[in-house]
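Input: a single structure, listed below in structure tokens.
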Amino acid sequence: MGNSFGTLFRISTWGESHGGGIGVVIDGCPPRLPITAEEIQAELDRRRPGQSDITTPRKESDTATIVSGVYEGHTLGTPIAIYVPNGDHRPGAYAEMKDKFRPSHADFTYQSKFGIRNHEGGGRSSARETIGRVAAGAIARKILERAGGIETRAYITRVHDIEAPAIAEFPSLEAVEASPVRCPHPPTAEAMIERIKAMRSKGDSVGGLIECRVRGLPVGLGVPVFDRLEADLAKAMLSLPATKGFEVGSGFDGTRLRGSEHNDVFVNKAGKVGTATNRSGGVQGGISNGEELIFRVAFKPTATILQSQETVDQSGQETELMGRGRHDPCVVPRAVPIVEAMTSLVLVDHWMRHKAQCESFDF
Amino acid sequence: MGNSFGTLFRISTWGESHGGGIGVVIDGCPPRLPITAEEIQAELDRRRPGQSDITTPRKESDTATIVSGVYEGHTLGTPIAIYVPNGDHRPGAYAEMKDKFRPSHADFTYQSKFGIRNHEGGGRSSARETIGRVAAGAIARKILERAGGIETRAYITRVHDIEAPAIAEFPSLEAVEASPVRCPHPPTAEAMIERIKAMRSKGDSVGGLIECRVRGLPVGLGVPVFDRLEADLAKAMLSLPATKGFEVGSGFDGTRLRGSEHNDVFVNKAGKVGTATNRSGGVQGGISNGEELIFRVAFKPTATILQSQETVDQSGQETELMGRGRHDPCVVPRAVPIVEAMTSLVLVDHWMRHKAQCESFDF
Amino acid sequence: MGNSFGTLFRISTWGESHGGGIGVVIDGCPPRLPITAEEIQAELDRRRPGQSDITTPRKESDTATIVSGVYEGHTLGTPIAIYVPNGDHRPGAYAEMKDKFRPSHADFTYQSKFGIRNHEGGGRSSARETIGRVAAGAIARKILERAGGIETRAYITRVHDIEAPAIAEFPSLEAVEASPVRCPHPPTAEAMIERIKAMRSKGDSVGGLIECRVRGLPVGLGVPVFDRLEADLAKAMLSLPATKGFEVGSGFDGTRLRGSEHNDVFVNKAGKVGTATNRSGGVQGGISNGEELIFRVAFKPTATILQSQETVDQSGQETELMGRGRHDPCVVPRAVPIVEAMTSLVLVDHWMRHKAQCESFDF
Amino acid sequence: MGNSFGTLFRISTWGESHGGGIGVVIDGCPPRLPITAEEIQAELDRRRPGQSDITTPRKESDTATIVSGVYEGHTLGTPIAIYVPNGDHRPGAYAEMKDKFRPSHADFTYQSKFGIRNHEGGGRSSARETIGRVAAGAIARKILERAGGIETRAYITRVHDIEAPAIAEFPSLEAVEASPVRCPHPPTAEAMIERIKAMRSKGDSVGGLIECRVRGLPVGLGVPVFDRLEADLAKAMLSLPATKGFEVGSGFDGTRLRGSEHNDVFVNKAGKVGTATNRSGGVQGGISNGEELIFRVAFKPTATILQSQETVDQSGQETELMGRGRHDPCVVPRAVPIVEAMTSLVLVDHWMRHKAQCESFDF
């Protein structure tokens, strides 16, 4: 069951980096939603390698086909299958990985858990798997926008130690996409790009932080006690490759405040209950409170580096592994649409759950 | 479904702070495990208020009864129901909360989501709910210890801005329990206690950090791509009241390292594959790698403070609310056994899932 | 997970025949539903032994307490826990069952599966477990009636070989409850009672058929392809003790018709699409079609008989077992409210699922 | 969630009759199982139309491709995706069905539930969907055979009113496949074929009964109280198109026996506990008891007939519909491999669940 996510709007992804392809099945999508392959492709294109000179030069065409569940441009309510064939297969490119475990990759754990692995390009552990998530997320995002005017925006706030000043306003999509590094603060974006290029020239890599915000969210999403909105978001984010942390609202820094400093007092905002500050990050008691949802995700530096590293082989012998070939010195910019996709999936699912339990019956 | 957690070892908690009681049902527990009510009670006692002069003076007896699923001291394999009746009911103590929303509590969101709430003591949003988790966690912990010699240890590393030096060795239970603040570094523990007392005298509150480590874990736990071990741990932790963040291994700070600094190179450790460092935190590609599992959880300062705060009432009118009565200036020490309980629940569940899929058949 | 049922309106039952008690937790119940312990008790009383001289003389008080999830007479939307303590414990009454396997009971399979069992009164395999289902079903039934005017009615159509003529009209509750055997055709009911009494005098037992009908159901309930309405009903019914079969609409006999005889042609019924006949039983393609839902359930004769039977003991030795004491020569009348309860649970769950997916959004 | 089945060995099917294709994703398959596309194809070929002159002359090539989850001939433990493109598309062939609801088909209920439908060939409600089940079932069957020597055999016992004598011995696959009607009693098979041909010549259709048996099953499969083995089998069978009933062991007829006639007394069978008779059908208390598992499924006559029928159109107008074109006068023979597939899926899932809970730990 580990390859499905969500309860009512439920996705199941499948596929390895170097098998026949990558795909996703979406079960539970509401019927009658207008959707096109182009809308899905647009999100996939944001995720794709080779978009700019700071990401991997590896070209992946990643063309999505909707194989079922959509008829004459509208969802049927039956499972939507989306399929992205693999291309650019280079047999032999991964020969060394067959026997040697790449440090901080999943080679060793997959081999140990399953007793078998597809070593080519990481197999199932490849970040190519997120293609399915982004495709499904494009549909979730459309539901949010069309049915609720709900907007989700992720962007980078730090690369390595280069940090943007606090982003006060909800940034526009244009502001985020203006730079290939997807930081809406242009001077910082420039510095980030320089840093990434410097790392690439050394065959090294860096990580960073993504902040994600959602506006227009209704009050009431999230199901205590286990399926709190932030709990499901945390799971969604930590299920992404290379993530090491999640925080919502005031997060780790908020633990340095006193309660009297941290509490968000309630105020009347033009007839609606709101909070004067937003250290809660838009969620209280596990339920959205109508303020902006805001959280951050930590991405470690890419494990693949073009340097020689110590390791062991499948027989346990100590050896060396030299990284070669194509290499993405910082995956964080490409993770931005993935974070948005996972967020949209969590929100649609919880919206449907909320409607089912709390808005279906008038007694 | 939001009140159940786990897939094969699945718990469902129920109960409000001021109804008939609090309980948990555990479905899927392996049969034939020796377990007593006393073992469960011992964990509940670690969680209980009134243990020391730094927590709330509120006395809760929290006596657990095993109502089903255990026969002659052994689990039957059928659902285990554990029931803790509520006591110490003080009708009228919560009259003001009926109309006014406490800042950074769940009063407003519960009222908005459900259109009704039990306002007494927070109702379902009360941390009393975690009693059920701790009771179930005691059983999970016993399975881990008895079947695998697996040890789980949580402790506090920071309260407000008072931070312990890095805890190098896996601390003993005695070292953690030596101080009511559950920090295994005695001088820091003293300073933390002083800080908490100072906050209490001001009617204010503080939060902090808990670190949790697990040793003896087998390689192979975790199910990519969504049910990665760290993803399920993140959900478990963010499902706890007052949590704002989760990080595993190098966490947020690790994003400041370069890949060449961050990668954990593999070495041969006395015939077994291990890593020279542990920035991965014991999990790679979503699967345990046999190293120590290590993660941290951020707890915000307690929302309840004995000070006057601005707020609104149910009609949206702005008003003031004066915190009164019993008050826990720092809940983090009491959260230590809860973090251990949730960790144990995640691990047993994943161990069973791993055995089912990967160790059941020899083809 | 085997002790939970439903997806959005999800129940988890727990308890053995002779432990502390029996209970149920309902997760996902819509908030604001008025419900009282008395309404739940009324359904439990219909299920209870000792109601008349044709069922077991065993007296069980079966008093239900709502322990959580209901506040001031209304559901909170949080888990509803209902607890029925066991009474009438007769230690020693089951001594022989400790070593000998009762034929066609679950003693042998429980012992073999779990390696341990509570042999007293059947433990978890006792039909007392259905108390939790009936309690939860009472709430589901109220939702159906109050929100949709939907009525569920089960009744007996055959005991042993005594069969009622086809019941054309949807019978009233009064007509069903008029006789302790719950057959709405009085002359047949009389004959059934005589047969049951005759069996009791011989220490023997009989089974029979229950028919269940639902009227007022909206079109659209059921989720193909696996969670078809009839598939979930079949599972619900075969999850009841002593059931051996399920059929919907024309059922097994319908297989003797030709397609041209069996098809339900569509007609316009006062402006609504309906069918001229109802061999489909109210469900087509797994989805309710607005006609009466109708299905039947087969119950085997009670396994407990007051006669000597061959069997083996736990060591595999062949031996004899003499049934003693209290004995229910025909459980089918008491199963009528249980069938209604399970039906109501399935329908509420599917109604919520339908609303979530198909009625939540206007695109 | 309605398009997934199983808990640990979980399949999700997708696809419509006339979209891009049909497929299935299997999540949770044990790793290291040898499997080939040919083995899957062999089962699909048994299901395929056009196998003989008694089924539809419609040719479907139904060629399966394994797109992921299998590497060098062995399962990886990651999701297995199998894809069968649709072929033989005849645009316009279904024009009339766009507006008129076919009697006893799912046209009306799909349109009502979803507000939209793909009318071509029944869309998602087409029996083509079962291709995914058969493909997944081929893998489940291989696990059963290879890991446990467990054999599953389904066959037809009645077509219309032509019934085979009781099949005493577990029939061989050859005996079943010897006749296109898949009845292992040759004289009856001949008569069945004649009846089906007679129906086809009239443009009419017939249904029938399938019996399914499993031998070699371990004791202990099934999880009371809701996930009893027979309950999950009942759901599996009633989730198949055209099914109207399910019975296990003595079934509906068994309700005509007295308890003293019906009980299966236990005997010592060469050192193992067994039963002298098998009215239980291999399952007691919801758990397999080591005897042969045996159950029967009722299939209604095919709804598609080549005759004129009354119906209504989408606007509710009464009209007529003339069945045309290709037509399968009796689908029951082709349902035999589908019943086996669903049975295998249930059994593997329960075997894994049993191992996880009851055989994983020695305390």
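By letter and in written order, the chains are A, B, C and D; residue numbering begins at 1 in each of them.
By definition in this document, a residue touches a chain if its C-beta (ideal position, glycine included) is under 8 Å from a C-beta of that chain, and two chains touch if they have at least 3 such contacts.
This structure is a prediction, so every number in the text was calculated from the model and none was measured.
Novice: Quick check for the class: compute each chain's Cα centroid; which one is farthest from the centroid of subunit C?
Specialist: Farthest from subunit C by mean C-alpha position: A.
Novice: I want to compare two interfaces, A-C and B-C. Which one has more contacting C-beta pairs?
Specialist: B-C
Novice: When the C-alpha atoms of subunit A and subunit C are each averaged to a single point, how far apart are the two points in Å?
Specialist: 45
Novice: What is the distance in Å between the mean C-alpha positions of subunit A and subunit B?
Specialist: 26
Novice: Just the number, please: Cα centre separation of subunit B and subunit C in whole Å.
Specialist: About 39 Å, centre to centre.
Novice: Can you list the subunit D residues in contact with two or more other chains?
Specialist: Counting only residues that touch two or more other chains, subunit D contributes 1-4, 7-8, 13, 28, 31-32, 77-78, 113-115, 124, 224, 353, 358.
Novice: Looking at the complex, which residues from subunit B come into contact with subunit D?
Specialist: 7-8, 28-34, 77-78, 143, 146-147, 224, 351-353, 355-358, 360-363
Novice: Could you please specify the touching residues of subunit D with respect to subunit C in the complex?
Specialist: Against subunit C, the touching part of subunit D is residues 1-5, 7, 13, 101, 103-106, 108-110, 112-115, 124-125, 129, 158, 160-161, 199, 204-209, 219-220, 222-228, 230-239, 241, 243-252, 254-268, 271-273, 275-276, 279-281, 283-290, 298-305, 307, 309-312, 316-318, 353-354, 358.
Novice: Quick check on the complex: what are the subunit D residues that touch subunit A?
Specialist: Touching subunit A: residues 1-4, 7-8, 10, 12-16, 19-23, 25, 27-28, 31-32, 65-69, 71, 74-81, 83, 113-118, 123-124 of subunit D.
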